[in-house]
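Here subunit A shows up in two complexes: once beside subunit B, once beside subunit C.
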Partner chain A sequence: MVAAYSVVGQPVVRGEGADKVSGQAIYTSDITLPGMLWGQVLRSPFPHARIVSIDTSRAAQLPGVHAVITGQDIPDRRVGRLLRDCPVLARDKVLFVGEKVAAVAATDPDVAEEALLLIDVEYEELPAVFDPLEAMTDAAPTLHENLASYPGLPRPMSPVNNVFAHNVWDKGEIEQGFAESDLVFEHTFTTQLMHQAYLEPHACVVDIDSDGRVQVWANNKGPFMLREQLAAVWELPQEQIRINPCSIGGDFGGKGSFMDVPLCYYLAQAAGRPVKMVMDYIQELMAGNPRHPGLITLKTGMKADGRIWARQARTVFNSGAYGAFKPRVHLRGADHSGGPYRIPHVHIDSYMVYTNNIPCGHMRAPAKPQVTFAVESHMDLIARAMGLDPYEFRMLNVLQDGDANPVGEEWLNIRAGDALRQAAETAGWYQPKAKPYTGRGISISDQPPGSGQSAAEVQIDADGKATLLMSLWDTGTGAHTVLRQVVAETLTLPVEDVGVVIQDTDAVAFESGPGGSRVTYTSGQSALGAAEDLREQLTVLAAEYLGGAADSVTLQAGQFQAGDGRAMQLKDVAAQAVATLGEPLSGQKTYTAPPSEYTSYCAQVAEVEVDPETGEVTVNKLVTAHDVGTVLNPLTHQGQIEGGVIQGLGYALMEEMETEEGRVSTLSLGDYKIPTIKDIPELVTVLLEPAGGPAPFASKGIGESSNTPVAGAIANAVYDAIGAPITQLPITAERVLRAIRGKEG
Partner chain B sequence: MHPFQYTEPQTLAEAVALLTAAPPVDARIIAGGSDLLDEVKEGIIAPGRVVSLAGVPDLDGIAETDGGLSIGAMTTIADLAAHPVIRAGYTALAEAAGGLATPQIRNVGTLGGNLNQRPRCWYYRHPLTPCLKKGGDRCYALAGNTKYLCVTGGDRCYIVHPSDTAVALSVMEATIEVAGADGSRTLPIGDFFVGPGVDVTRETALEPGEVVTRINLPRPAALGAGGQPPGSVYLKAREREAGDFALVSVAARLGIADGVIQQAAVALGGVAPVPYRARAVEEYLQGRAISAVDAAHAGTLALPDARPMTDNGYKVVMANNLVKQAVARLTAG
Partner chain C sequence: MEAIEYTTPKTLAEAVQAMADKGDRARALAGGTDLLVQLRGGRRSADLIVDVKDVPELNQISYDAQDGLTIGAAAPCYQIYQDPAVAANYPGLVDSASLIGSIQIQGRASLGGNLCNSAPSADAIPVMIALGAVANIAGPNGTRQVAVEDFCTGPGRNVLESGEVLVSVTMPAPQANSGASYLRFIPRNEMDIAVAGVGSSVVLDASGQNFVSARISLASVAPTPVFCREAGASLSGKAVSDEAVEAAAQLAMADAVPINDMRGTVRQRIHLVGVLTRRTLNIAIQRARGEE
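Then we have the complex of A and B:
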């Protein structure tokens, strides 16, 4: 099914790249407005405390300070992406170290910072709880006494203390499944707090303009959803708020958050001037919205012949102080606790738990890296206990085309087994290992493209140049280039003749924005639809100009061709049309994507070498095999694969925000370690023959595929190398050394 | 960031004067700035004046002298790592320098700054934990996470000295030349670093206003007939391949003649508040025929006085194994 495309499938370099590397691209922190002030926040040093009093009088007197506000100065309303549980500024209580307690707007950032030192807050410390299991007991302090009153709280409410979401997935009869099993295995896995480590920290600018409209610049990838959240907390009509586009310096799931925007408005209001707030990385690491730590217990019933018969999963996610930073309240990826395997009896419980830790948010394939590490490690523990080869054990159980997955979903054209086979074959699964303490590990996961809503317009001008207009921010993935290719292909134009204009939130009704591997599918379909609409209009006009019927006119390589052989250049049609109309011709499409019928599997094999004397792990090679659709742009596609693998490697081996009593200890990117180029292994990418997808030209999403299976593959390779499992991430030298010594007794 | 006055003196005397001028303003030396500016931005220090050494003559460069090598304090780590004489004759130092931090930091960071950098203990670096080293009233590590802290030599404070070059210099009988208001003095490297038992707020013997000017490496003593220049090696265990401090590191230098070890120097990093001389290993090796060396046994002598804290027992295992590897490497063939 390889169709001949001219622009689709080409390695087109990203359009905005030159602007970025030359410093021309405008990010939020580049926005400067006349009279603009700088906002800074004072954060709580305690994980749980009552605010007895705040005295801001000394700060207010500092020259250059225009406003100092506390929770008492602003309306008592909470904000959230769905669950509205987070105060804009703490009122009576603080629930984590780093919570915002007061804010200052001043003429420059140093003055603002100095003013913070002049704010006196008296706290009365309260008993705190950091461990989610402890938080779930009745003995733990209840962190949100008014939970039931929060808008967005899922119903029915959990009776368990500090649990704000309890999700269940059920298939078959779990008890019966265990009763019918010959063997039962149970293991618990622990994953860490992880920061998205984007280059650009959270920033925003808020200006209340002379018409009373609130102008917002923020590095938020979901501006329409941000507008809804802001309208709710500010109690303003949405139309009164405009979110203006900016480049976003990396997202990885973290930039869907409102962060300081709600507060910035109150500062701007109090000061009567525009205000800018930019977090530094210390604040990012102390109070961003990182990936949830997970505590995952898997219990599996096995048939003696190696078939998985029952799976019970309990995933406990430490959400920290607030649930506001998640668009769905829970983490849907917990539904992957069965993995891509045929399992007749499944029961999954997933808990979101409040503790006095940093509130967590979304990060690249929310919950899937956590549960996939657990599921894939558990698979190897079972395989080894049963004397099965981990690859063959997976092949025996992996979903086949036509199967429903462990939570009952059915996908078209399941190629999980193919992905596993290709990964194993490419990695030389059965080849003898070069030396002792080297190991191979295999892992698999899947990610369907996310659905959403998108609006696009494609215009063509008198020169035959097209422009794609969308309210879709650039998060650095190269998506706009891919969308230009989609438009160019449809109009048979060279890609250089298709430009992009990023619009603000006034321009269209709604756009979901990037997230959940959605852009190529949802926004791709709207761009495609708009281009098709324009092509149809041009075809009708071409037929008119050529004096034929529209259905006899076809567009090929920039030229309209009538049945009788007469032809007219597309740009001439456009010129004539624009001359007649007096404005550019425009095609439009608003697309609401139904849930995708396809998912996309990614299987990986890691090869590691362990130094048994220091415990250091070196990943020598990683094979990543992808069940793809049409690859629209091999450069951006590969960029997503490579970036994901590297992020997965950091998750597996080194990245961890360590906390003590709720206080994040690793407050710099020296202490919070992300991989460097020297840590990156040889990467071999295998793309399966494209076989359909819901996005334009039978393509699929790729953004959240490669990051998910990495930790499982590396953990299993380390297990293979040292003969002892490590059930806690990251797999540091210290833990490996301990595992080796534990095994030696 | 706290504002400060930035000065660029053109002579050493002027630099010392700016560091000590009344009224005291907490004046600090800046070399490459890769640690100093972090400390200011993180709010650990708030100097009123920063004194750059960039314009002071004769602090840069590596010179061969009658006695050996003389390295200016402003020499960058990258230059140190690339220098042919250091690579050939002082290999452990070249390896320590070439493998530390990142290429960017090695290009701006200086040897003087590397030796004088402040500890990485994350309580020291954290804005919310005013520990003893910052003039506070307690050591937060005692009730906290100690996985990166010391296994020996702690005394109220339990840091490890972060410098890799310091460990390598410790096996090379290096001396540190220091200039101050009262003239200059020269300290053996073993006296340059001081533990928390001496003063919990600093890591070196430098007095306020003193500047490290040069680091001198004596030429290794001539060995008898059949003698080779001593070989040295630097090994470092870490959590990522670049931009990461040592979990444990070892520098070893052995002078061997006629198959017998004439001189042995072994030092460990990542285990103590100062570079740690593994005297027991040295004693075991000194005078021993290389054919009779049991590297694994040498390893077990690495830290006879180790008293690991709750989370860092693994460092002792690493130290034993790294010493074993270093000794095996230097006595092979």
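Then we have the complex of A and C:
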């Protein structure tokens, strides 16, 4: 059944767009307070060293410097999103190149910069470990000697050196599965360190009021969670902290981080003035919280007829020096190591490992792009070894409606096979290729909408205009526009008559904020609920004004209609109500989302061309097929799909933070390469017939799904083109050339 | 960033005077796409910026079938590739001017800036060398000319003496049956620094079947752009053939002395020199035959 909507489903342009392109949107770095100082940090040049001494006296004497602090000047407490293992400033030891060892607050950024040069730190270098497998051996230095004492550490503790989380997913009997298999395949895949490459680097401003109230501005998308983290490390009651809204210049998972906020408070305290800290891109690339590199070994038992019978996965994530930048400590996406396939016997081990590298955090569908590249490449290696067509091999094994997935989850209305079929058909899977060294590759993964908590209020004023009040920061996805559409649809108003006001953390109890493809679901439901609450109140009032029973009054196209044919404009009802009440009428909803019963499949086919002389890969076309719900706004929906594909393309082909002995060498966006407009292939999007979802008007999330399968599709297309697999990302020309040469012997 | 003085001379004499007055502490500014980035990043410092965009000699493009092409040092790329005489007679130069940076960068970036910045990876230098270009320099002691292949002396270093400015670059008029081309290899399709680049030019005989002469030059595989004298000379008098092209490519590869860095390994770069030399020679041959 297709419901007829008037605002939902329309390509409404972003309400916040005009402010952004005209420079009026307020970002954190735009915040300027009277007396404000600029904070800068001195970072460690060594990957692992003991701090012997720090002399800040020369820096403190520089005119314009108001505070210089080191780890000794602040309480010995660690901060983290869940695992609290990261010192605000290093105390005795530094664990990565870029770790903060001292901080300065000065009248302007140049003075602060100059002061850093006047701080003398004596280090004693310690043996460092960069490779996660090496870190897991007993011979490696133990980077966190007091691991057991960290709040948030998952139990039971792993006995393996430098492992701070070991997660296991189990289904069936893995040993039995392999015993029953006719063939066994094992391959190992490696993926790289990747930065989110948002436009806006991390920034924050902290101001401590005379009564001790702490005002924070930060480009953090989860302000309520940030407040909890700050309250824990500062040992302040949460109510004493207020996080104020700002626009966020891109997130992609990286902006859930506290970054410099904990430190900024101590600088503000020491200086007795508000302090602003803005990272530059060098610092972002040296000490942001990028995507984890993964080392993924997959072992699969096969039946001779092509059925997958057993899957053992071992995923090792190089977390760098700290685990503090992950909201769950581990990376949940490792549970996708079975892919969307029917596999009776599954065992997955996932390890989070400390090394002396940059600490990693969350990025768009954490761990899924890593394991999906591995799973989908492994699928093609198996298919080719068994003489099966990669698409048909997937169709033989893909989950059917009613199946439990490899980790035992059951989803409603599984359309994985449909997604694969539509992607393959649209791409012309069986069509002959135009010339040698061209190839096609297919890949699939799924992404359920995440759950969380959200609070919304919808007010209507005497002029009949509605306002949605929420504490949901704008990360650049267009979510506010979609939420306005949800409210407008419910109140039968034109979307222009619904505004958004973003509130600070004092306004509501809690809001999870964007993340895990959850906004349309969780915040969508609270906005919808608040609008429905308001509509009910208006309906009761309309009935009263029209002199009928509430259940006989309906709202259509901005007008209340009684059973007897009498009618009253919604805005007149609002005007009369507001006049009587003396304030706007308001509907409210706090919504705690249960885990979604739906997931969403995305299948992709890439077509590539390889230059056999240089190894250069050109992606000519990419088909992305999505198992969607109702599309609330085709513009913002397509924006997420395209952005995700392009980010996936960068992951597949070029993006890599290269390191030497833990030192990131790609310290600018010239050296760290993201795709440019000339790298973007023809993109064909296929949306399956909408078929339900947990979000308002039977919709689903779309924020992460298109990003995950891309690297697998491109890798498989390259495999098809050159006849040799690529098991390491990114797929650089040099690696491809090596694979061609290796094949030729 | 420190406070810097800025001046906009209107004549060449004023520009030279301003440069000479401040000596090593003065820097000429053309498009600024190298200079401003370097100043902001703290990789260069200067007390005086001499903006040469108002000096007529540095901003003209003139072509004459006898004397060839003279491009003012500050003329931006887009003016170069949009110039009908350049497009008709120097397609190899168009290759370079139209791949530097992006449309936005090409609105400012100049050949003179590319040459004076003297990066090993500069994309406009190899084709200038292949075309036999000469740099016209003015200084407190008058003017002088330096062949472009002799201009760069190290990464970011060149023959310009304190107080000197590059006025223009002159390319000889194209001979009959000649053609040139530039190609580079980069990890993405624009806005990137060459992993390796090759500029080639050829002159064929009237039949189009034999080389009269050829010049080959490389980017990004040595501390300076490389002029592969022998590789070019090896083609003189030879019949046009895949073997001859391959032999020249092998000689060009022998001239490449790259380093391993995050952009590429020694092995890959030398390999790319071979591939790109073959490809640029073949394009140059096609152009010489009027096939393109």
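Everything that follows uses one rule, which is that the second predicted complex is superposed on the first by the 745 of 745 C-alpha atoms of A that agree within 3 Å, B and C clash if a C-alpha of one lies under 4 Å from a C-alpha of the other, contacts with A are read in each partner's own complex, and residues count from 1 in each chain.
Keep in mind that, in the parts below, a residue touches a chain if its C-beta (ideal position, glycine included) is under 8 Å from a C-beta of that chain, and two chains touch if they have at least 3 such contacts.
In this text the structure is predicted, and so the values were computed from the model without any measurement.
*Asks:* Mind checking subunit B and subunit C on superposed subunit A, clash or fit?
*Replies:* In the superposition, subunit B runs into subunit C.
*Asks:* In the overlay, answer first, second, both or neither for which of subunit B and subunit C A:L667 touches.
*Replies:* first
*Asks:* Which partner does A:A733 reach: the first (subunit B), the second (subunit C), both, or neither?
*Replies:* both
*Asks:* Of the partners subunit B and subunit C, which touch A:V97 in the superposed model: first, second, both, neither?
*Replies:* first
*Asks:* Taking the superposition on A as described, I'd like to know which of subunit B and subunit C A:T614 touches: first, second, both or neither.
*Replies:* both
*Asks:* Is subunit A touched at more residues by subunit B or by subunit C?
*Replies:* B
*Asks:* Just checking: does A:P45 make contact with subunit B only, subunit C only, both, or neither of them? Give me first, second, both or neither.
*Replies:* A:P45 contacts subunit B only, not subunit C.
*Asks:* If you stack the two complexes on chain A, which partner ends up touching A:S350: first (subunit B), second (subunit C), both, or neither?
*Replies:* neither
*Asks:* Just subunit B (first), just subunit C (second), both, or neither: which does A:T372 touch?
*Replies:* neither
*Asks:* Report, in rising order, the residues of subunit A that make contact with subunit B in one complex and with subunit C in the other.
*Replies:* Residues 110, 613-614, 616, 653-654, 658, 665-666, 670-671, 673, 675-679, 732-734, 737 of subunit A touch both subunit B and subunit C.
*Asks:* Within their complex, state which residues of subunit B touch subunit A.
*Replies:* 1-3, 38, 41-42, 102, 120, 122-123, 125-129, 144-145, 147, 237-244, 247-248, 314, 317-318, 321-322, 324-325
*Asks:* Quick one: in the complex, what on subunit A touches subunit C?
*Replies:* Listed in rising order, the residues of subunit A that touch subunit C are 110, 613-614, 616, 653-654, 658, 665-666, 670-671, 673, 675-679, 732-734, 737.
*Asks:* Where on subunit C does subunit A make contact in their complex?
*Replies:* Of all residues in subunit C, those touching subunit A are 1, 102, 185, 187-193, 262, 264-265, 268, 271-272, 275.
*Asks:* State the interface residues of subunit A toward subunit B in the complex, per the touch definition above.
*Replies:* Checking each residue of subunit A against subunit B gives 45, 97, 110, 113, 280, 282, 611, 613-616, 653-654, 658, 660, 663, 665-668, 670-671, 673, 675-679, 732-734, 737-738, 741.
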